[in-house]
Amino acid sequence: MKEILSGSLLLMGSVFILLSAVGILRMPDLYTRMSATTKASTLGIGLVLLGTILFWQDFGIASRAIAIIVFLFLTAPVAAHVIGRAAYLGKVPLWEKTNIDEFKKREHPSDSSSSMPE
Amino acid sequence: MNLLLLNILLAVAWMMLTGEVSSGTFTAGLLVGYLLLWLTRPAWGETRYFSKLLPVIRFVLYFLKELLVANLKVAYDIVTPKDHMVPGIVAVPLDVKSDIEITLFANLVTLTPGTLSLDVSPDRRTLYVHALYVKDAGQFRRELKNGLEKRLIEVMR
Amino acid sequence: MNRLIILPVLVPLTTALIMLLLPRRIAVHRLLGVLSTLLLSVVSVILLNSVLSGGILSLQAGGWAAPFGITMVVDTFSCIMLAMASLIGLTTAIYSIGSVDEKQEHNFYHPLIQLLLMGINGAFLTGDIFNLYVWFEVMLISSFVLLVLEGKPEQFEGAIKYVTLNLLSSAIFLAAVGILYGMAGTLNMADLAMRLPMLEHRELLSVAAVLFLITFGIKAAVFPLFFWLPASYHTPHVAVSAIFAGLLTKVGVYAIIRFFTTIFTLESTPFIHHILLWVSAFTMVTGVLGAVAQYDLRKLLSFHIISQIGYMIFAIAIQSPLAIAGGLLFIVHNIAAKTNLFYLSGIIRLLSGSWNLRQIGGLYATYPLLGLLFLVPALALAGIPPLSGFWAKLTVIQAGLEAQQWLAVSVALMVSILTLYSMIKIWNEAFLKDNPLSGDEGQRGREYHGLSAGKKTALIAPAIILAMFTIVSGLWFEPFFILAKGASLELLDAGIYSKAVTGGIP
Amino acid sequence: MLGLIATGFLASAIAPVLYKRYRENFGWIAVLFPLYMFFGFLSRYPEIAAGNSVRESLPWVPSLGINFSFLLDGLSLTFALIISLVGAAVFLFAGAYMKGYRDAGRFYLYIGVFMTSMLGLVLADNMLLLFVFWELTSFSSYLLIGFNHHKESSRKSALQALLVTGGGGLALLAGILLLGSVTGTYEISSFYDMNRIITSSALYPAIVVLLLLGAFTKSAQFPFHFWLPNAMEAPTPVSAYLHSATMVKAGIYLIARLNHEIGGTPLWQDTVLITGAVTMLFTATLAFRQTDLKKLLAYSTLSVLGTLVMLLGIGSELAIKAFFIYLIAHSLYKGTLFLVAGTIDHETGTRDVGKLAGLRKAMPVTAAAAALASFSMMGVIPLIGFIGKETVYKAILELDRWGLPLIGAAVLANACVVMVTLLVGFRPFLGKAKETPRQAHEAPLKMLLGPSLLAVLGLLIGLFPDFFISAMLEQSARNILSEELSLKIVLWHGFNLVLILSFVTLLLGGLFYALRPVVLRYSFFSSLPALFKPSSWYESALKGMLSFAKLQTLILQNGYLRNYTIVIVLAALIPASFALYRAAEEVSIIPDYSITFYEAALGLIIIISTGLLITSTSRLKSIVSLGVMGFSIGIIFVIYGAPDVALTTFAIETLNVILFVLVLQKLPKFLKLSRSSNRIRDAVIASGIGVFMTLVVLFATSFNISTELKEYFAAASLPEGKGLNVVNVILVDFRALDTLGEITVLTIAAIGVLAMLKTATGRKAQP
Amino acid sequence: MNSVILATASRYLLTLILMFSVFMLLRGHNEPGGGFVGGLVAAAAFALYFIANGLDAARSILRIEPLRAAVLGLLLSLLSTLPSLVSGKPFMTALWIDTGIEAIGKVGTPLLFDVGVYFLVLGITLTIIFALAEEECRV
Amino acid sequence: MNFMEWAVQASVIVIGLSILIIFLRLIVGPSIEDRIVALDLLSANAIAFIAVYSIQKNTTTFLDVGIILALLAFLSTVAFAFYLGRREKQ
Amino acid sequence: MRVLLPVIIGLLYATGIYLILRRSMVKVIFGLVVLGHAANLMIFTVGRLTKGSPAFVPHGATGIAEPFADPLPQALILTAIVIGFGIQAFTIALFKKTCQSLKTEDLDEMRNTDQLEKESP
């Protein structure tokens, strides 16, 4: 039973990870990629680690795995935020189908965003 | 917060008493301490240390549910053609005030799939959020404020 | 007694640490620099004494038996090197007081010199090939920093080449250590010496040998690996140039001798010794020709370092007891003479305001004693008897003749006349010819006169000490020869080192 | 004798100090020094003349066979007496002559060292000790020739002399070492009965050639003669001392000294004979072109040196006798004439024979000394020069082989010498006085005493040869030939062929003197092509060496870092590949191609990121690629059970990113700088390294390794090192010394960064 | 970097990471980790704080000149070898004391050595980062 | 092969595949931010891989590497963002 | 992997060498970094590989049972990595200062210190 649960968690996590990978490949622009993938992989890794905890059933392991999860959940959004912000300020282009941009009004009242690939 | 400190001290004391220094005895100590503090709560005057427990648990559960649901939604999008996405950047006015509240809110927004906190305005009144489905900016704002922000404020204050 | 072995490493490290804890007390730095090197000198003499009376000493760091921990070993050879390093350290510490400006001293000049000495001493002491790598790096990084301490553009330019090529050498070193460990499963030199003859894969061993040779060859600045040296040695502060010139390349030579007598032997890697012979000839010639072509005083001297290294390599290539003894004598002589010439070049610079021989002149007329002081190391380098260089040359050439290496001996002799030529070039230009600049211009840059008496003494005293060494070791050569011969026999006896390290287990 | 030598050096060392004190009168003090030596040696005369010799020996470097061994026998006593006697004359003369010279104190230092070394040279009984003194004479003479060092010509000539004699010296050293290896000793007196051993050794030709090279350069034999006339840049006392009486005779002394031990073979005798003869004639003819008093004397000296060498080459009893007499005669008259030339120069301000005449009235004593010496030099009876020349002719005529051409050459050469004598010894004094830069006066006593003494001595010996030199001759000849001789020296041999030849010589000399202006005008010497002038050989050799040096340095030290890198990489790759190629036979690799999916993925990522890194045109992209590479390598460490290494790798990769990010802003953008041909070349070299390293790793891992250390660490880690993490236990305990060094490196690096960034920079002050 | 989110997060992360670094240091003898990695992690914490809040804030948090910390660390490592010298054992021979407390276990000079390494690595990494950052900001 | 082994095997492959896909994004970019995001994601995936690998190899020591990796990946992302932010200012 | 790892090592060496042969200083630094990786990986590989079994003494045991990874090469690499890091940090700062000081990062323009002086003073 333990094995089944643990194995399933591993598989589920892997699938989420794969999904985020596919997402980062398929999404049309940087922002959608970030929106779509950061969390997916966070969740995926969380599940895999839960599976690991279940497999070992050792307090030391569990605490370390939980530490990773907590840490990931703490840092992943911050990382996404700093990159997203830098990208936006660095004029990484939005997908052409982007509906609305209320940020631009503050940052660039007049000009339109132009691409600036590094 | 003083009670939290006391709680930790109690946990350490528990650890000493049991003579076993490990994370297990420490956690046990924490629980025992919490229980003891709760039992002796009149001694501590007016505190919300005990009334917070439930809302925190509720909030975490709510968030995990959101996380899973949104993840599935995005996952669905990833594996199907992308044309039905309507991304946009929305300015969300903030009711949260302190640094920690703003940070928590922004991070939770980001953690929720489909949305990404891009920046906080210098006056700290607006959060710019990129989202995958913004058919209507007003509705998006309302959903965010009534859902996540309201619950967060509930927990924090 | 063997507990003293660690002191040559610990003393400079501790000194440097104290200096670093008192970053603004420059006077303390200066004092400590001299005291530390004095102490080192005493220690090395004590060690030499006990090695001469009691044989090779070893210290198992951490108390772990030989192949498992790191062994520090002193034999006569390493004692000699330690003593020379201490001597140069001491004179440089004194010389620095007179020449290095306070800005550099605040930029950790004195601790860096101590740390450089620590690396050098560590390299001389260790009996472990990976530990040798570590000490090499300590030495290297200190030298990197010292090289650019003044922040002049030419120092950066020189440093780029120095750093890149030396890092390349470190990469090769690591690869060689890896191969050797991968083959023998040990890092201890004595253990390696015992295990390698039992290995089946002799040829693969020579791959490692070649790589070690290249690594140490780069450090020793032999042909065709020397480029970093003339590109950089003339750029740092002259006190730094001096200690580099005296010691750094010799550490490379030390390592070559150590490796190719103790670990790899002539019989095990015959073609390496052929390579060495050719390398030595080309090193001698290209170095001295490079020197001849220069007009920058320090560049000229830098190229000379290379040429002189050629003689040492020649000695190693022949590898008879006499040759190795000659090589050791050459190292000892060269360390003192070469460092001294750099010291003197610094004084010349302070007197004339230039490094360029075309713009210097007339020094002999005004400073005859400086002239005579210059002649001592210069003539020693040219091998004029009865100075130290003559004996070194004599011994090496005699060994060459005994080995019937006619061609290489002819090259060595020819190079020695070119050496004389280039030394006379300096003498002619800087001392004999009239000062090309007259009047106010002639007084340009005469910083020397602005110095306090104490600083002047600090500048001259090291030159006198080293000149005395050159003269005394020439006139009273017998003990030096006996010492070198003893060291050489010790090096060439395969068993004696291993026995001392592993405690007699064959 | 060691004490004498040491005293000499000490006395020289204090000379400059004393000079400062006494200045004007120092000459009188200085002369005591050679005189003390002279009388010291003279006191040994009876002992030596009686056929004894004195040997002293003190160990110096016994392990190398070098000792302070000195031998006083006839030969060395003769030389020692000449050296100290002429030295006395010169020292006294210099006292007046050097007045007004800057730094005359140093002059006494140099010449004192020189004299002492010269004495050491002739007294040494150890070949290497002799060499030590030999080099010291070379170097002190360098200082003396270049004494007027503010003149470029002076510096040049001094250097030339030093290089030529120094080069010869090195040959000599090699010769000595070879000789030592054959005989097993360097003590000259131990060679005494080793002639058979030496001459039959395989190394004998080399020994002869090397030793003679040393001797010939020192004694200015053809084709090394050119340095001597150039050395006339020296102050005249130096020329008188070094270039006529003493140093140039060191080579001749060496040949004479070793004649018995090494000689007797055609190789030795013929080489010496021919070189001497060629020098004698060739250099004599060169005198035609000279107008400078000292140069004229120099060429005649060369000719005499040639004659002396030739006599040693002939090697008969008579030749040795001639050698000996001629040696003494020459020292006396040439010393005189040089000093006379110096006096004239000093008093009139010129040395050009064309500008000098009629000085006899102003300088009567000088004229008389000059005349006496000149007669001796021309070989006029009853001076010693006459006996010398007679004996020389006699010795040549005695020869079976080559007698005729040699006598012709000798007569011609001597005629030239006669011409020189007329030019130097007579012409300036005779005729009507000419205007000279300075008004001529008789020289002071200090300047007159020396030359007069030497000139008179020439006369006295000529009149009473038996009394003065016979005993010495006997002993010297014994030292040279190792035979008992009893050759009486007499002034008058009666009318015979030799006397006729003497007359012919004089007549020819007069004729040359008369024809000189004409010969000069049509002289082919003046247009001698450079190809035939040994001095131009020297010049072009020097120039060639310099331009080669420059070219070589430009090519090797070309300043391109990547060229240096390529050379070093190839220097490593080529021999190492050779070794690897030979190693290929002894290893058998069984490739294990099994691979898991994630390993393949990891490999792919690393491979692609190297590609990205190489092709990247953006710095940030490169850093990202580098990061990927580092993280992937970290994962490899995880896979193969090295978590600590992995941790460290990740940590350092991250810090690297931070560092790069911090400096990147200041670095310019990437430019495509290399040409594509360079890129291809570099790619080929890099691939070579790559393939090499791959093979090395494959080879090195193809056999079993000793696991002794591994097992020891695993077993000892907990009980002895008190830790479960073996790697950590190694780092902080088993090999803590490595870690100590490692953290020192870190400290230094931090100091370095701090120090470097604290210093202000800028290109403004670059010269 | 001018971001409330990062600045706030960095404050919490600083303590968290520092705690973790001490953890790495202390159990390095038995589990992966050790003074070196611990020091690097601690340095990373301060580097993060510097990026989020600026150089001055980071310096004031650190309180000690980083190079001094490094030197003191090196000194500590060196001092840990002192007992071996004093007790007459070969240089760097480890000495251990059993504390009797299970979680701490035995304490010995190698641990002290590792603690020195920790401070040294922390110090030098920050020295380098701060020096570079200072230069960066000056221009 | 039991279910657990199978699940671990499958997870390794799936995670490996994800890593390759993300790496593809890193290669194509196009913006540097894309690459940084990809790098961040790669290290996160590496954590998952390490967790699974430690199950596969039955060792617990690797999990510590995961913690460090999480921490450091975050730090380098922030550093990159720091650089990008400064780039904008100039 | 027995074959792949040597190939990767070779590739890293090749990349490192290729990069330090560039004219751009920044690329040279990258080359040095890659060479460092190559050397570390090489020592690791040549010290023989063992998959998935780090050298940790299990709790309760006194030694480690085979197979386990050789800890010595790991310790060596750790030392080498740390040293490499220190030197690299210094080198990065040095290259930056050089760039600032000489106003170029083209190594071909850094040839002054090697040049012979001009003939005229």
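Which chain is which? They are A, B, C, D, E, F and G, in the order written, and residues in each are numbered from 1.
As a working rule, a contact is a pair of C-beta atoms (placed from the backbone, for glycine too) under 8 Å apart; a residue touches a chain by one contact, two chains touch by 3 or more.
Note that the structure is predicted; figures quoted are calculated from it, not measured.
Each chain's centre was taken as the mean of its CA atoms, and the one lying most distant from chain G is D.
When chain centres are defined as mean Cα coordinates, D lies farthest from chain A. The mean-CA centres of chain E and chain G are about 24 angstrom from one another, to the nearest whole unit. Distance from the chain C centre to the chain D centre is 26 Å, each centre being the mean of its Cα atoms.
Put simply, the C-alpha centre of chain B and that of chain C have 66 angstrom between them.
Residue positions of chain E with contacts to 2 or more other chains are 1, 3, 5-6, 9, 20, 30-33, 36-37, 41, 44, 47, 67, 71, 74, 78, 91-92, 94, 124, 128, 131-132. Across the assembly, chain G contributes residues 20, 25, 28, 38, 40, 42, 46-48, 51-54, 56, 72, 76, 78-79, 82-83, 86-87, 89-90, 93-97, 101-102, 107, 110, 112-114, 116 that each touch 2 or more other chains. In chain B, the positions touching at least two other chains are 22, 106-107, 117, 119. Here chain G touches chain F in the complex through residues 51-54, 56, going by the rule given at the top.
Of all the residues in chain D, the ones that touch chain F in their complex are 597-598, 601, 604-605, 608, 612, 618, 620-621, 624, 627-628, 631, 634-635, 638-639, 641, 643, 646-647, 650-651, 653-654, 657-658, 661, 664-665. Residues 28-37, 40-41, 43-44, 47, 66-67, 70-71, 73-74, 77-78, 81, 91-92, 94, 96, 105-106, 108, 110-111, 113-114, 116-117, 120-121, 123-125, 127-129, 131-136, 139 of chain E are the ones touching chain D in the complex. The touching residues of chain C, when paired with chain D in their complex, are 13, 20, 61-62, 64, 67-70, 72, 103, 107-108, 111-112, 115, 118-119, 122, 130-131, 134-135, 137-138, 141-142, 144-145, 148-154, 156, 160-161, 164-165, 168-169, 172, 175, 178-179, 182-186, 195, 200-204, 206-207, 209-211, 214, 217-218, 224-225, 227-228, 230-231, 271, 275, 286, 289-290, 292-294, 303, 364-365, 368, 379, 384-386, 390-391, 394-395, 397-398, 401-402, 409, 413-414, 416-418, 420-421, 424, 428, 431-434, 477-478, 481-482, 485. Note for the complex: chain G touches chain D at residues 1-15, 17-28, 30, 33-34, 37-38, 40-42, 44-59, 61-64, 68-72, 74-79, 81-90, 92-97, 99-108, 110-116.
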